[in-house]
Each structure stands twice: as structure tokens, then as C-alpha cells.
Amino acid sequence: MSVETYTPRAFHRQAHDALGNPQIRSNFRRAMDGLMTKRRDVFSDWDLETLRELGANIRLRALARLPDLLEQLEANCVANGIRVHWAEDGEEACRIIREVCESHGAKSVIKGKSMVSEEMHLNAHLEAAGIEALESDLGEYLVQLNEQTPSHIIMPAIHLNTDEISDIMHEKTGTDRTRDVDYMTAAARAQLRERFMNADVGVSGVNFAVAETGTLCLVENEGNGRMTTTVPPVHIAVTGIEKVVEHLRDVPPLYALLTRSATGQHVTTYFNMISGPRKAGEHDGPREVHLVLVDSGRSRIYQDDELLDTLRCIRCGACMNHCPVYTRVGGHSYGTTYPGPIGSILMPHMLGLEETKDLPTASSLCGACGEVCPVKIPIPDLLVRLRREAVGEGRGNVPGAGVKRTKKEVAAWKSWQWLATHPAVWRTSLLMAGKLRALTPSKLGPWTQYRTAPKLAKRSLHALVKTHRRERGDEP
Amino acid sequence: MSARDNILKRLRERTDGPLTAPDSDFAVVTGRGWSAQERLERFERWISSVHGEVIHTSRDNWTADLAKLLQAKGARRLALGREHPVAAEARAALAEGEVTLIDADRDVEEWQQEQFASTDAGLTSTRGGIAETGSLWLWPTPDEPRLISLVPPIHIAVLDADTLEDTFFDVIEAHGWAGGMPTNALLISGPSKTADIEQTLAYGVHGPRELIVLIRHAEEHP
Amino acid sequence: MTPVKLYPTKSEKVYFFGTCLVDMFYPEAGLDGIRLLEREGIEVLFPEDQTCCGQPAYTSGYQSEARAVAAAQLGLFPEPWPIIVPSGSCGGMMRTHYPQLFAGTDQEALAGEVASRVYELTEYLVHVCHLQLDDRGQAEAVAMHTSCSARREMGLAETGPALLARLGQVKLVEQERAAECCGFGGTFAVRHPEVSAAMVEDKAQAIEATGASHFVSSDCGCLMNINGRFEHQKKAIQGEHIASYLWRRTS
């Protein structure tokens, strides 16, 4: 199956296409408006700031003890009968999962929603090995039917409207064309139930991995996550190494923040906590549970005090829901597994700044993302940090650092610096510019395509203040 | 070196040095201080808001309400356990009726097709409820396995009113979850749902379309 | 959230940092800000050697250039007077980012000290001057766009509207999605012109839909952007800096 491909390198073109697509524009605008309203309403009777403070604090504590907690998680999982694997990168994680599948002669894998599996392109890897990988989250299923990738980390099919989904289901599964969402949902239920029963392996993500008990927590509404982790004889959970939390009691605040921030729900339908495979005497659940811990650049992010905050993320998607850029261009424009603000601060570490150099600048730094982040990640500051890294003025802790540095741009900023540090020249320039304002170009490149060019004032504030003082008698 | 050792080594030999772990104050997720009545009201309000149905009943008479409910829903095949008092009482009460009782306390491999295709409802006990979010908490057992609250189109859950607690945090702490977790612990808050088709809510996408909570009160509920 | 700031009592003197955009494009707004302060009996000092806060380079990643320019401003405020900035964006830069920019340098302490004295103009007028306004203008409806820096970085979503509410003849009308960015974002508008254009188009439409014939902002970047869009479409509606609006209606 060929999947429609977007790349971060083509951000400008992809954004251009999305901006010119009224359907995409209205689908995202409506969805994001709804999500913002729901989030605001669901937090209205909470002490949100205190809760966010606690969320940030729990995540920071987990990161502060990360190596110890990973070892503790591993020890407790193993004691619970879960087999634990470690992977340096997505490729290694794919290989581990494929080998587990092959050891069971698996031909068919059913998947619960997992962004880490998207990040490592697990489906393509398994398909190449002759193992079918089918998504079971309704949104992921639809996106997969449509040979696309998710456009949002929580709501994968948010770029599609009802009519488009009806067409996709009709063409790919033979259902009637309809606007009846219940009909389509029931059809998908029937299609996927067959697949759950026949799947050899279930693959899921993890929302929180609890070190103290060796427990994997999954948050969901549909029940496909419970199906994936209960029906097939083998369950493989795959997660980034940063998803660990220290204690079980750390989970309720994060869960409260996650559901409210993500979809404005006070709770999800299911909170599924798995602490092992089927035990002797138990009648259902997988016989084997595996946990694959994936690094993929996370341990590099971990080295740097400022970048570390990136790893606090609990993947709620609130930053994209509130991002005015994401709302306009949609998720696919970014060309990365994680789109929107969190993607723009995370993906450069995974793909390098060469690939992703347009992402950290794809923000007006309006601060909406940082304002809503449930674990208080200073996303705008991190965007600026990555801009610094891109032009070679950071610490060089990001792959591809310095890739955007050009002689021309450096020279421009140096001239600006020289002017702004020579106040007398600055004032003279303003004076001259004011006199020559008629010569100001009315075309300033991209700016004037959509706006008129700003006109330099006849007299600068410096000049006006001088006159003002004279008039007031402050100055001779 | 293995991936494991490499990863742990990089984390331990952190460029910017060791990090200090802060302490956490959990006051914001506990200490609600609700009365039994407030807990009940909140539970009912929240679980109703997500399409859960609540029926108030009593310890003594609940099986009669169960029978009525099954009839009203047209549920003719009910999966349930055997040993838990909820299952035992239900079996006794329904033994003579028209509802077929399906044993859930057997390996799923023996009856998977039956469970997926021809079971109308699953009956489970619950360990308790959470007022703040309108959630049930279940620790599935060999007697009442994981899938009977998930696979049949209707899930009927029996909750004793006096097992309601304020918050999820309170439940974890009061019941010492950290001291020993079961294979699977679950919070259930309403029936299965999705909003993946243009934000329109639809129920029963993978799990039950309906969740009915029979809340049992010690005395007759007014 | 910005921690609750404890405001001092009104100072007899203040520094005024005009910002480069005001200096070049909206000097009247700067002067009107100075006049409003002077009318409150405050002596306003305008350090002549001021140029730019350094933000354009800072947000573009050019840290050393930003630091050099910011360093040139640090020495302009030797006396302990408050520093008033008629912009949430430049005010936010100076208050929030100067300490980060100079962290670990020998100017760290000075940067922190200067940052602690920075106030956005409407903030100072509301919280310190407790400004009273005698509205002499015609009755009218006005819309306001609060810049994202004022709103989020400085936590000043309320000070502009609070001042407008003190104008007896003016009714503040709120546009849809008032808190959403207008798409300026400094170099963002140049690096991502199409996305920026889509944002300013929505903002302009929302403001127009309020029916107000006028809008105000406390940031000249936003003004330049939204006004430029209105003008490009030959719309009559125009915005001005809130300082000019307040001065115009009360002088």
C-alpha cells in the first residue's frame, strides 16, 4: 500500500496547498474552534494552574530520575511477566516487533493508536515483511483506508469531513454512501471485530508507564485499545523512554490533564491499566506481553537543560488545537509524525534541522501553545532555541545545527546590529529616511502581496520628542 | 554494548549534569470532602453526561430490576460470572426466566465466536465508583474476565452506593493499588464512543453501545 | 501565568522606551504616550541613545546580535525610575527575555534589574497611575486587538479594555476569536507570508464584522499588519495605537 507522503522539507508548498483548499480550511477551523471551547468549559471549575503545576512537577520528577525509573520499570514489568526490549531508534524497534511477530508465525497485526509506531513507520516495515498491520482506532482506520497518515495526534482523521469519509468507506469497504455517522461507525465496528478475532498480535502505544508497579496505562474512548491489548494472543506495547512516571499516584493528575486538554472531556470512556499477561487461571487476555522502549533521539534531548522540557509532553495535542498556524494549514502540511507546535520542537531532534528547518519558524510566537500546555512546556522559548540552533547560535545540541546560517543573512543582522548600537547614526538614518519616505518601495516582497507597505513617518519619535521638549520649555 | 546499556549510559552521563527531582503536592486531586449524597449526585451527573444510564435499586431487590432491564433491552443472552455474589444472585434470580445465561468463567478461546457474535449483554460487579468523573473501577477476575465488560453490546455493571469515593487519586491511595496491581485494572466511564467522524459522537464503535449502572442502595432508594 | 505583580506607587519620573517601530512608523503614538504620562504629573525622560530592544534578532535566533543591541540599551536607564514601553512585544522582550539573554554574562544583574522596572504603557496607566479619563469625543464603538505578547507574555489582556471602559462615550465591541494572533509575529510575516496572510485576513474580517469603524491596539506590529491588510483591500476601517486614541479623545 502506498501512503500519501508529506515531508517537512516541503512545508511551504504543502501549506500553500492547504491554505488554498477551502475544505481543509473549514474542516480544521471548525474542529479546532470546537476543541478550544470544550477545553475551556471542562476546566472552568478547576484550579487549572495548580493542576498544571503538579503535572509539570510530576513529569520533571520522572525525568530527573529517568534512568533509575526505566530500570525500575523494567524490573517490575519483568516480575509481572512482561518482556522488556530496548531500541536505540525506530528501525531497531521495528525489527524487535517484527521478530516477536515472526516468532509466533504472525500474519496479521491489529493496532491500537500509537504515535510512536507512526514515528517509526511500523506499518510499512511489517508490510514489507509480509505481515499485515491494520489500524483499529476509527480515525486511524479511516486514514489508513485513505492511504494517508494522521493529521492530528489525537484525532487522526480530523482533516476529513463526513462526506469524504462516506466516500472513502464506500470505495474501500463497499458501505452505502451516507451522512449517517452511526451507520458508518457500526459498519467499521463489524469490519474490525472480524479482524480483532483473527489477529495474531496486538500492537499498542502507552500513555503512562508506571515504574513502581510495572503497569502500562492506556487512555481511550473507543475500546479498540482494550480489544488490541486483550483479544490477540500476543500484545506488544511500544513507547518512548520518556513516558515513564515514578508512582501510581502520579497517574491521576496527568490523566485529568490529558483528557481535558486533548478533547475537553472530563474523563475518557476507558482507562486501561495492564500489569502483565494472562496469569494461570485467568480466562482472557494475551499469553504474552512485550514492552518496547524506544529512544530515537530522546536521550539526546535529555542532555540539555533547556531542551529537556520537550520530554515533559504527554501528547494531548492542545498545542495544535490552539495554534493559529496549525488551524490554518492542518496537520499534513508539517510533513512530520507530530505536527503543530510540539512537532516543531520535537521533530528537529528526530529528523535533524536540515529536514525540518522551516518548522521552528512556522510560528508567530503568539504563545497560545505554551499557555494551554498541561505540563507547562515553554514551547515558544523552545521554538526560539531551535531557531538559534538552526542559525548556529545555539549550543549545537541538535542535529543539523547551523544549517540555516547564510552569509547573506548574517551580514544583514550584523548591519542591523551596527546601526542599532550606533545611536547617532540611527537617528541620522531615521532623519534621512523620513526625508526620503516617498522613495520607500511600495513593494516589499511577500508583505505587500497581502498588505500595503508601512510608510515611514516624516519625523521619527526621536525628532518629535525634541520638538515636544522645546515646546514645553524643557530644552533650549 | 546493548541498546539498553547505551541508552542508560547516555541518560546517566548527562551533559548538563544530574537533575534534582522536585517534591509533589497532590492536594489539588484529593480532599474533596463530599458527603455520600454529593458523591452519588456527582457520579450520576457525570456518568449520565457521557451516555451512561443509571438505575437505582436496593441490595435486596436488585435482581428484579435486572430482570426488568434485560427484558426492556431485549437482551436474551447474558454473559456473567459464577462465584461473585453479584453473579450468584443474578444466576439464582434468572434461572427460571427466558434469559440464557452464558458462563464467562471459561477460557475465551472456547467461546470467542459466541461472545463476539451472539452475546447480548455482559454483567459485572464493580469494585467501586469515582464521584468526580463518574467512573466505575473494575479489577477483572477469572470469575468475571476482562472481555465481558467490552465485547457484548450492552454492559450492565452493579455498583454499591457505599463504595463511591471522591477521586481517582483517593481510590488508588485508599485501596493501596501501588502495593499490588492485578493483571488488568480498569476505569469505565460510559459506553464506547468515538468522535472521529467530523466530531460527531457515535456510541458502540468497538465496545458496548450501552452502559447501564445498577446502583444498589442498602435501603430502599426513595 | 504571569505571577501577580505588585505595583509601586506612581513615580515622579519615568523613562520612556519608544521602540523602533514607533520611532519609525508610529512616532505620534509614542508622543501621545508621553503626553498621557505627563498629564498625570510625571516627568518623562526619553534617553536619546535608545534604538531597538533587540527582539527581531532574538526571535530569529541571532542571539549574539540581539545581545549586542540589547546591551546598548541596558545603560540608558541609570536612575531607579520605571521604564515605560508602549508595546507588549518589546515590553515582553525586555521584561521576560533580557534576564535569559544575559544569563551567565557579567551584565546579568543589570539586565535583571532593568527588566524588573519595565512596564507596558497601558499597564502603567491602569495599575500605577489609576488613570481617569474625561472623554470629549463622539459616541462610538471601537474594537481592540490586544497583542499576543501583551496578553500572554506580559499577562495584560485586561489593561487596554480597562482604559477604553473609562472613556464614557466609547463602547468596546469584541471581535470573534479576540485572543487569536493577527499573524504578524515579526519575521514570521516574512518567512511564512501566506500563512501570515491567512491569519491577518481572518483578523481583519473579525474586526470588520463587529461593525466598529475603528480599532485600537497597544502594539504597532499588529497595527501595521492589520491596517496594511485593511488598506490593501481599500477598506475604510483603520486602527491606531491606543495611546493616540486615548489622547485624541481626552485632550
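So that you can tell them apart, the chains are marked A, B and C in the order they are listed, and the count of residues begins at 1 in each.
Keep in mind that, in the parts below, a contact is a pair of C-beta atoms (placed from the backbone, for glycine too) under 8 Å apart; a residue touches a chain by one contact, two chains touch by 3 or more.
Not measured: the values here are computed from a predicted model.
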Requested in this report: Report the chain whose mean Cα position is at the greatest distance from that of subunit C.
Outcome: B
Report task. Kindly indicate the chain pair that has more C-beta pairs in contact than all others. Result -> A-B
Query raised in the report: Using CA atom means as chain centres, which chain is nearest the centre of all the protein shown?
Result: A
Query raised in the report: Distance-wise, how many Å sit between the C-alpha centres of subunit A and subunit B, to the nearest whole number?
Result: 30
Query raised in the report: Once you find the CA centre of subunit B and the CA centre of subunit C, what distance in Å lies between them?
Result: 53
Report summary line: Counting only contacts in the complex, subunit C reaches subunit A at residues 1, 18, 20, 22-28, 30-31, 34, 46, 48-52, 54, 56-65, 68-69, 71-72, 100, 148-149, 151-153, 177, 179-181, 183-201, 224-225, 228-229, 231-232
Query raised in the report: Quick one: in the complex, what on subunit A touches subunit C?
Result: 12, 15-16, 19, 33, 49, 324-325, 328-329, 358, 361-368, 370-371, 381, 384, 386-391, 393-394, 404, 410, 413-414, 416-417, 419-421, 423, 426-427, 430, 433, 445-457, 459-465, 468
Report summary line: In the complex, subunit A touches subunit B at residues 27, 30-31, 34, 47, 50-51, 54, 57-58, 60-61, 63-67, 70-71, 80, 86-88, 92, 136-139, 142, 155-158, 160-162, 165, 181-182, 184-186, 188-189, 192-193, 196-197, 212-215, 221-224, 226-227, 230-231, 241, 247-253, 255-256, 263, 265-279, 281-285, 293, 295, 299-300, 302-305, 308, 397
Query raised in the report: For subunit B, which residues count as touching subunit A in their complex?
Result: 2-4, 6-8, 10-12, 14-16, 18-29, 46, 49-50, 104-108, 112-113, 116, 133-135, 141-142, 145-147, 150, 167-169, 172-173, 177-178, 181-200, 202-208
